[in-house]
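Below, subunit A partners subunit B and then partners subunit C, in two separate complexes.
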Partner chain A sequence: MTTVTENTDKPAKFVPGQPDMWAFVLFETLVFTAYFGFYLFYRTQNPELFLHSQAQLDLRIGVFNTLILLLSSWSVARCVQSARVGAYGPALKDAFLTAFFGLVFLCSKVFEWARQIQMGNGFGSNDFFTYYFFLTGIHFVHLLIGFVVLGVAIYQLRSPVRRSQELVETCATYWHTVDFLWVLIFALLYVVR
Partner chain B sequence: MSAVATATASPLTRRHNPKRELWLAWWTLVVFYNFFFLVFFVITRVQPPPNPAWDTPRVVQWFHDNHFGLLAGFAIMFVITGMTTMSNALIAYSMRRMSVSRAFAYSYLILYSLSAIPGMLLMCIALTVGALRPDRDPELIYWIYDFAFLSFVGTMGVFLIGSLVWMLAILIDKNRVFPKWFGYLNLCNGLTEIVVSPAWIFRGGVLAWNGQIAWWLDMVVFGIYTGVFIFLLRQMIQREDFGAGPLPELSKAAR
Partner chain C sequence: MIKFNKRLLVVWLVLASFTLGYLWIDHSAEDHAGSLRSSAVVTSSVIVIALIKVRIIFREFMEVRQAPVLLCRLTDAWVLLIAVALLGSYFIGTAIR
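And then the complex of A and B:
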């Protein structure tokens, strides 16, 4: 793993963190673009069903989810800022705060799924709910991986012998990607009519 | 060549072509995937997969229409399945060349050796049985059809852990055997293997075993991933110096 001393010898970079992570961001964005494309195509095939099903989602939960994830993006950005100036204590606190927001999101998502299933809207109920559970589910998996990624950032920040700024920024880039994907999912599933 | 390698030159490095076995493994990998494509997409026509929502007479008809292709194609697969051992061994070798524990390479070998059974062989066996016993009860033929395609498409998750093991090895490796972005590409590929799992539930739509997401999109990702790792394994062999430190860059490495 890269150390702080190694970083000082490296030329200035165009992106925060490992450029390799940005390849992941690009690739995952393309894959999700394909998911969204299929969703929009199926929506045009049966607009009434999609509108009727969308109306059964609680917009307030969607907005709450989005605000929570935006807050987590804010706290992970603060974590990077603090680490850049060597304030590792506050950086660690912000990393834990990010994990807390992530956990709140996961709990609210499980609550929302349980509510929809209770209302009779399961994974196979209709095309809209197939997409709803699929998109929110695959995003959920990305967020679970995000906890491992945050764990790596915390592991880096905790010990003075590690503290790779590059790795911390790489982890933050992953977390922002998960947030960014959620904003698109929120817009498509909850808002676009 | 690194100082470490020079000081501890093995009998392998003193040979005229020390990379001979590695190239053999790489070419075996290339030949296997070419045959795989030919058999699954052209000869047997099991890829892209047929419709999971067909009724029993249509499934029986499909076995009848593809009788010769299924027998000839899977006969080839049974002969060449052993080639996957060379492919898995080369990938395990790449992990042995990294600055990581041997446990990564061994885990990968075990996982991928076992994965070949639900991930490929079950389908070959089941469809061969269906093709060789056309006189059996149509309901049994229908059951074999479901079993074959669900075992093939629905168990892609067994490859997930192998992908994650390779990813983790690449990300913590200090010998620069593979670029880090390829580690992340392993994660992308692993995630698509999760996406396949709803094929167990759906018989139509995007998540069925022939669906636009569960099959077509995942096949595109798998195709890119396979092409990339074949290319990067070739580069690894070109860069190999049989040392223990970082792999030299391609321009400096002995070809």
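And then the complex of A and C:
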């Protein structure tokens, strides 16, 4: 085995993106964990109410939304890898694809909210729907910020004078956070019993 | 031409399978009359599966696998912390109800 092959097999260790973004990601995760803890605790205090309210959510929409966000995470991961080897065309395409999946998620979420409100389930209807609208709403804000972040990545990738791999990785790290927070929210709101 | 990364595809397929697995869990959580009931087993399994998915996203999509040991340990500690907080809240809540 040649030295070159050995180097390919074992790439140097690196922190993806700026360490500040990782500090932010871990902090945000802690904040969301606190919300989730309160939600689970209050759920156990009134299980019947939570079960009956939860039954009004469509699990299939939740599964669809999760698969869409996972697709967006996959495409932003491909974007980072393409940019790393200098393939900026495919990287840009993947960044746009990520934004497209994000948009599909956004539309699906708005549709789901409208449907729930039409069914008479608003923010103040009961404890379950307060948590539902609060958790999905705050995640939605993170998603909107995600579009700005993707815009920064696209702006970086478009011009050779601006391209910064570290910034592209930082943007991707934020987008993945939006994804894994949804993975948790989906499990807790739609499937937990 | 950039080489297609099969590993990322496999990661997505695993994450998608776990997600679709929730449909089966949801179906089996219903009783014979089709109504919903509380279940600590379902809740624990759902939380553990979600955290496995989060760890896969950390390691594969977020490239923690190739990061220095400190970040690997830190993200693993975070996943454990979330597990303790969520399962703790659920079981403490159930116990004092």
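One rule holds in what follows: the second predicted complex is superposed on the first by the 179 of 193 C-alpha atoms of A that agree within 3 Å, B and C clash if a C-alpha of one lies under 4 Å from a C-alpha of the other, contacts with A are read in each partner's own complex, and residues count from 1 in each chain.
FYI, a residue touches a chain if its C-beta (ideal position, glycine included) is under 8 Å from a C-beta of that chain, and two chains touch if they have at least 3 such contacts.
Keep in mind the model is a prediction, meaning the values are calculated, not measured.
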First (subunit B), second (subunit C), both or neither touched by A:Q18: first
First, second, both or neither for A:Y42, with subunit B first and subunit C second: both
First (subunit B), second (subunit C), both or neither touched by A:V141: first
Which superposed partner A:F27 touches (first subunit B, second subunit C, both, neither): first
Which of subunit B and subunit C A:G124 touches, first, second, both or neither: first
Touching partner for A:V63 - first (subunit B), second (subunit C), both, neither: second
More subunit A residues in contact [subunit B versus subunit C]: C
Subunit C-contacting residues of subunit A that also contact subunit B: 34, 38, 42
Subunit A to subunit B touching residues, read off their complex: 1, 18-21, 23-24, 27-28, 31, 34-35, 38, 42, 123-124, 127, 130, 134, 138, 141-142, 145
Sites on subunit A touched by subunit C in the complex: 11, 13-16, 22, 26, 29-30, 33-34, 36-38, 40-45, 47, 51-52, 54-55, 59-60, 63, 66-67, 70-71, 73-74, 76-78, 80-82, 85, 87, 90, 169, 172-173, 176, 179-180, 183-184, 186-188, 190-193
Of all residues in subunit B, those that touch subunit A in their complex: 172, 174, 179-181, 183-185, 187-188, 191-192, 194-195, 198, 201-202, 205-207, 212-213, 217, 221
Interfacial residue positions of subunit C with respect to subunit A in the complex: 2, 5, 8-9, 11-12, 15-16, 19-20, 22-23, 25-26, 29, 36-39, 42-43, 46-47, 49-51, 53-54, 57-58, 60-64, 66-69, 71, 74-75, 78, 81-82, 85-86, 88-90, 92-94, 97
